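Chains here go by letter, A, B and C, matching the order in which they are written, and residues are numbered from 1 within each.
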């Protein structure tokens, strides 16, 4: 808990360091958004091995629902954002439930969610009257003035991230946390020990999707425009995957570290333009072969060495058969 | 009506060519190749380059297919080595990520080097009449090529000992090893073969439509869907699934808009996966 | 000696299954490895076959060590393993299964096929039937036949009688006798101890991963401890 507070303090001071530059403020705010999304993915994939390749669709559903309802039904974002979050959470829980019911393996769930991601993309393009298709909708002046100012936005997303991390902390230190650990080790054994594997997987999916939705809906208003490219697979799923791998799966601050590291890498690569995709590719390959455990354990070990204590053991490698 | 059906079959055969490669690589290597679509694109790009260098269309096409095969060989021998060290789900996941990363690398490189690229073959006779129906020669040629490739593949798998060995590995790798079959050598051969089939799909795409360098991911996703619907371990299933999905797509595109058609296709695929996870023609799970 | 396992220690992960096991088989001999469930019989055969890597110890075959060889390489040397699960190819025909068994020695395939069909005429009848549709006994016959197709020097069978009706088991063991008479070296693990001792020349008793007893099968069959523990005779 102490470290959470420390993190919150550090992040709260960033706007001062940014010195009012709108470019850096946006960068920092985006970093917060990706941190929250990565925390969600950590719950869904890191802890319960559910390969959701539709993060963009979940965040985007919440975003579009919140915006379209606000425009069409003239409702306040304070009403439409929760509706969007509920929609995302329901979808996530549904996918999780069906996959457990049908006994879908990791890969099948990945393919089904990938298909959903594509369906989302085409739905947005097809429901032109509501979504304005490729061009998208302007999300200014819809009743959320705070998200139209850079500094206020930053703190709103910091609050969202705080909520995400607190929820994560609460889950992990409760019975659920133990259940997650058990079922990520060996699902069958966990099931046989009486752990309600279905229930916990759906819980992780629902909570993760809710976080995705909350951040996604707020992002839609913050961004000023919502369009298919705002919630794209390559723009959200891939960076989140890389961030989670970089930072360390199943760790508390892995998502935060990973998102920061990824943001820095992205900045460094920006001048290359087209080649950013190439860098994503190299990163994925290098990360998954060399740094399986991510940065968080390294940081933990470094800080432990600094303090003169021993760091906890990292996740063990899988056994290799003959 | 029959024109739409024919269109659907032609497209379906292209999808099947891609999907069969994915099925083979999964069955023998235990890896889901997310870069498979890129093999098709590389094949097409190589063919186009050869055309530019002055080679005739047939030679260029064969050269393109061979290039795809060489890329496949390289991928199996280098990129996938870390994945092959593991087994089962670990290998699957690692292979997925590695091929995804590789797919980005190829996509990024191709789009950067050939931004305005498009491969397209022109035939001297644009239309042919078969049984009273006027068809595009290109479509006919593309489907014939695909059918010939499939016929060859089936003959190879059914009649030759090497082909039976491949089927046996897909069916039961342990049993195959006990018969003295080396799964690793056979796997490299199959990845190469699968890549070449993708190369054929890429070249024929340039025949009846046009091939762009950005089509890699789309090819991969469609191939993946077909492979999974058909059952990732069944080659017959994959062929059937491809044609079926091609027809569904053709009819859907004709009667509703393009976006809705894609949604129908995806939903149909999703539903099939959920109802019959083992695949369309699965018998012994 | 044809096959020799020396001071073998093996297991899965941190669980040790075999401790300091030494077993040998001479050319033309039939060896039985008997013992209760979980004694390590299957693990022993899997180590020899190259499917499991031992933690310590070695496997010798003729004049070479099999250390580090993959399962398919061991099979190609003529040491063929028929697991309890049989590991057939269910959607392929009986004939195709047999053809694949001859993969390591394609030239001898026709000859071996004739031999195998002579031994198991039922398989000849059903040669175009899919292996997955065969009965348990027929599948066992097919598994053994497939192993014979490559002309092995050593045949290892893991609990061949499992799940088979008594009449079928009797016939299977009759056939195994014939194979032994033809000069094939056999290593058989069994829960049906009487059968195993009747078929074989020598036997090892494996309990909790270690060799508790060994000797000529006929003598072991008369041993009061064995009779009580494994043959249910007081």
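Note that contacts are C-beta pairs under 8 Å (C-beta built on N, C-alpha and C of every residue); 3 or more make two chains touch, one makes a residue touch a chain.
Since the structure is predicted, the reported quantities are computational estimates derived from the model, not experimental observations.
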Pair of chains joined by more contacts [C-beta pairs], B-C or A-B: A-B
Relative to chain A, chain with the most remote C-alpha centre: C
Nearest-to-centre chain - CA centroid comparison: B
Chain centre separation in whole Å, for chain C relative to chain A (CA means): 54
Rounded Å distance, chain A centre to chain B centre (Cα mean): 32
Between chain C and chain B, distance of the C-alpha-averaged centres to the nearest whole Å: 42
For chain C, residues that touch 2 or more chains besides their own: 51
Residue numbers of chain A (touch at least two other chains): 321
Touch list for chain B against partner chain A, complex: 32, 79, 82, 85-87, 89-90, 92-94, 96-98, 100-109, 111-112, 115, 221, 224-225, 228, 257, 259-260, 262-263, 266-267, 269-270, 273-274, 277
Residues of chain A touching chain B in the complex: 98, 102-108, 110-112, 114-116, 118-119, 122-123, 125-126, 238, 274-285, 288-289, 318, 320-321
Complex contact set, residues of chain C against chain B: 49, 51, 70-73, 75-76, 80-83, 86-92, 96, 99-101, 103-104, 106, 132, 146-147, 150
Residue ranges of chain B touching chain C (in the complex, touch as defined): 161, 164-165, 167-168, 171-172, 174-183, 283-284
